[in-house]
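As structure tokens, the structure follows; a few thoughts come after it.
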Amino acid sequence: MKPLLAEGSKSVNKKRMSPKEKSEERWAWLFVAPTMIGLIVLNFYPIFQTIYQSFCKTGDFGKGNIFIGLANYQSVAVAAETWQSFWNTIKYALIEVPFGIIIALILAVLLNKKCVGRSVYRTIFFLPMVCAPAAVAMVWKWMYNTQFGLLNNIFGSKIAWISDPKIAWISVGVIGVWSIIGYNMVLFIGGLQDIPGDFYEAARIDGASEFRQFLSITVPLLSPTTFFIVQTRIIGALTVFDLMFMVMDKTNVALKNVQSVVYLFYQYAFTNGNKGYGATLVVFLLIFIMILTVILQQAEKKLVYHN
Amino acid sequence: MNSGNGRKPGKSRNAGSSRNAGNSRNAGSSRNAGKSRNAEKRREELAKIASLPMKQRIQYIWDYYWLWIIGIGFAVIFGSWFLWRSTTAIRENWIGVVFPNAMTRVGNGSKLWKDYVEYTGYDTTQKNVLFEDQLYFDPTTPSGMNNPYYETFVAMIETGQMDAVTMRREEMEALGKSGRLIDLSSEPCREIYERYKDRLVYSIPYDTEYSTEPVPIGIDVSDSILMTEYQIYEKSCVYAIGSYSRNIDAAARFLDWILEGRSGPVAPEILKAETEQKTDS
Amino acid sequence: MIESAQTKDKIRRACKHIFLIIMSFIMIVPFAWMILTALKTNQEAISVNPFYIFPHNGWHWENFGTVWKSYNFIILYKNTLLMIFFRVLCAVLTATMAGYAFGRLKFRGKRILFALVLVQMMVPGQIFVIPQFLMVSKLGMLNTTFGLVFPGLVTAFGTYLLKIGYEGLPKELEEAASIDGCNVFQRFLRILMPLTKSSMVSLGIFTAVFAFKDLMWPMIVCTNADTTTLSAGLAKMQGQYGSDYPAMMAAATLAVLPMVIIYVIFQKQFVEGIATSGGKL
């Protein structure tokens, strides 16, 4: 009898599950139920609506959705501005994600140690998150203004920071980095808190230098948090919307070179009332991010340390 | 651990074998064991609570079950509020009008609002009369529409929450291109179209498949009480109805009122049309 | 030897503080700008000279008083704090449960369900607004706190964050508890959940900040001035005052104050997280 049962427990993952696993599964379903039901009602219903809309022509004086098959996909795919906006978004992400994460990590590590004025620093780095968007926009305009701006005044230069198509994307990326540091830092501090202090204690007894401790303890143990931030920030940067236009005027010639995919979507769906076309852009973006995510999730298994 | 399992022999056997079941993973017996153990625990717990004096009993229950008590209490309060609110809430509107970029206050509760409710005799305890005057955007430029105000406006029009909108002439012409304003030459607006033929405002839609010719989307009301009495804009004022409006008749009535009605008595032909509609439906 | 090590340590500490001070300066500029603008006259506020940072015609503290009187701050604070409280509560509650299941439990369909959670983050938020508004409107929950909380009932971001938090906990914890006869729920509530406190605090801060900054949703759902939130209420009135920057900034400063206080309280929780059991780096 015994060997038979032992075999049964081995083949659990194939067909039959032990009662323990059954009860675990029941609990798991119960636990994810509120979130999944909420997501389906609040988010997936609209997402499916959007996907359906991408096959439709809309916006003609309240006539509703008229099915037109793949025509939207065709016109989105051949439009040069689509690919330009994708390229703009990627360029933005290439600035925001790495710099935003590295600076935030340095700050978080420095502020995780006991030091003078730690709470004050943490509060200061939090302030940009709640600062009035109008004030943020005003300050950046003040910095970047070609004639009266602070940057040009300091360097004695005449650079058109936000209207030169070659520089504008960098200037916008800098604002992106600036505004995301606080968020990333909060997440990093949270992750650092979860690293048990005795690891460092042991390392110190072994005489490891601080830098060495950082490399051999902080980096691997923080890697799940880091991966989480990389993943969510890539998604966040690729769906960036309003940031680009905080400092840009309507007459800005560089507009074409910085507008993101979501902004283009907004232009079509909200401004022009062409919801079908806008929805198609969203589907393109969704597919693009999904592919990236699958690649990242594969990489996760190799890069992230699991205990 | 299981001190009182001698009561029911059948179950106690299962309970006794539960330790083995844990190792052997025998499906049936272990599940029964789990159940009986839970029942056992519950019985023990009840006996324990019953044995305590009143004051300690309450203390004990609170100490161990405070999370449940608060959770259930909150759920009950929320549930009953939710039911009450969803049954008593006013869901429908008599009419909703947006006045973007208004320079004077004409929102809910303002003089305009009161005047109109008084004039029409709408019962605001049954349906709402919504006037929204605090949205600011400029449809003549793309960047002027890149703000939450405009998004709010779109949501209100597309959901049919708002039926009509007023704006300056050039703004309305720009807004009409998106197809969110009803084509006044279409069937449901025939009557308005005929009556205000000389006041129409046109715009060419973005959607060239719909029409490459200018489409009538608004009615110039620069001489209406909105301008003379309430001064909501400086130079011109155009009135338009949303494409998704469900109360086109109410929107038409508001239009008639701002142009002719003033604060005077109800215009007889409008009243007649109104009663006819009621009997129709 | 020891002395040189000490001086080295001192230099290192000084470098660290210089770096932190420079970064603080960069981060605090807009906030300081906001407060300084609030103290200027309008003429100074719109002056183009980049070095007119401080008010030079006297510090107009009375701007705050005027603004305080012209808005109904008490009601706006109340609405905002209620919304933030319930959003944080819902987000932490649902995300911590789902995060536990995704991070620790085995069940069929886990991968596909988690993929759905990720997909939610990949689409622009604008597409949710109109359908969600229709739902709230059908439920009759316009102009209520529930309406404000509605889109934040669940959170994909939080679920992911908490999943990471639970995955990071050592396996032995659960095994030990499992031998003690704890079921899944007890393990979750008594042992694992308290250990993810710092993740929950992070999520709380994020939820609170996003709820506070959310402008469009309150503007659409709460059209009554006495049910709306700070950000939406101020935004609506700002349009009215046009370019009175000092008043705008004074209002924004007053609006931010409770958020800063909440953060200062919250971030203390970070310091007292589990890691304090051992020494820190």
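Order of writing sets the chain letters: A, B and C. Residues in each chain are counted from 1.
Note that a residue touches a chain if its C-beta (ideal position, glycine included) is under 8 Å from a C-beta of that chain, and two chains touch if they have at least 3 such contacts.
Because the structure is predicted, anything quoted here is derived from the model rather than measured.
Core chain by CA centroid proximity to the global CA centroid: C. In this assembly, the chain whose C-alpha centre lies farthest from chain B is A.
The greater number of contacting C-beta pairs, out of the two interfaces A-C and B-C, is seen for A-C. Chain A and chain B have CA centres that are 30 Å apart. Averaged Cα coordinates give chain A a centre that lies 16 Å from the centre of chain C.
In terms of their C-alpha centroids, the spacing between chain B and chain C amounts to 26 Å. Listed for chain C are residues 126, 130, each touching two or more other chains.
Looking at chain B, residues 151, 154 sit in touch with two or more other chains.
Looking at chain A, residues 23, 266, 270 sit in touch with two or more other chains. Interface residues of chain A facing chain B in the complex, by the touch rule stated above, are 2, 5, 8-9, 16, 18-20, 23, 57, 59-62, 242, 245, 248-250, 263, 266-267, 270-274.
Chain B contributes residues 67, 82, 85-91, 101, 108, 130, 132, 134-136, 148-149, 151-152, 154-156, 158-159, 161 to its touches with chain C in the complex.
Only residues 21, 23-25, 27-29, 31-32, 34-36, 38-39, 41-47, 49-50, 103, 107, 110-116, 119, 121-136, 138-140, 142, 145, 147-150, 153, 178, 181-183, 186-187, 189-201, 210, 213, 218, 224-225, 227-228, 231-232, 235-236, 238-239, 241, 262, 265-266, 269-270, 279, 282, 285-286, 289-290, 293, 306-307 of chain A touch chain C when the two sit together in their complex. Within the complex, the chain C residues that touch chain B are 126, 129-130, 133-134, 137-142, 144, 146, 189, 215-216, 219-220, 223-224, 235-237, 239-240. Chain B contributes residues 24-27, 30-31, 34, 141-146, 150-151, 154, 177-183, 186, 205-207, 209-210, 215, 242-244 to its touches with chain A in the complex.
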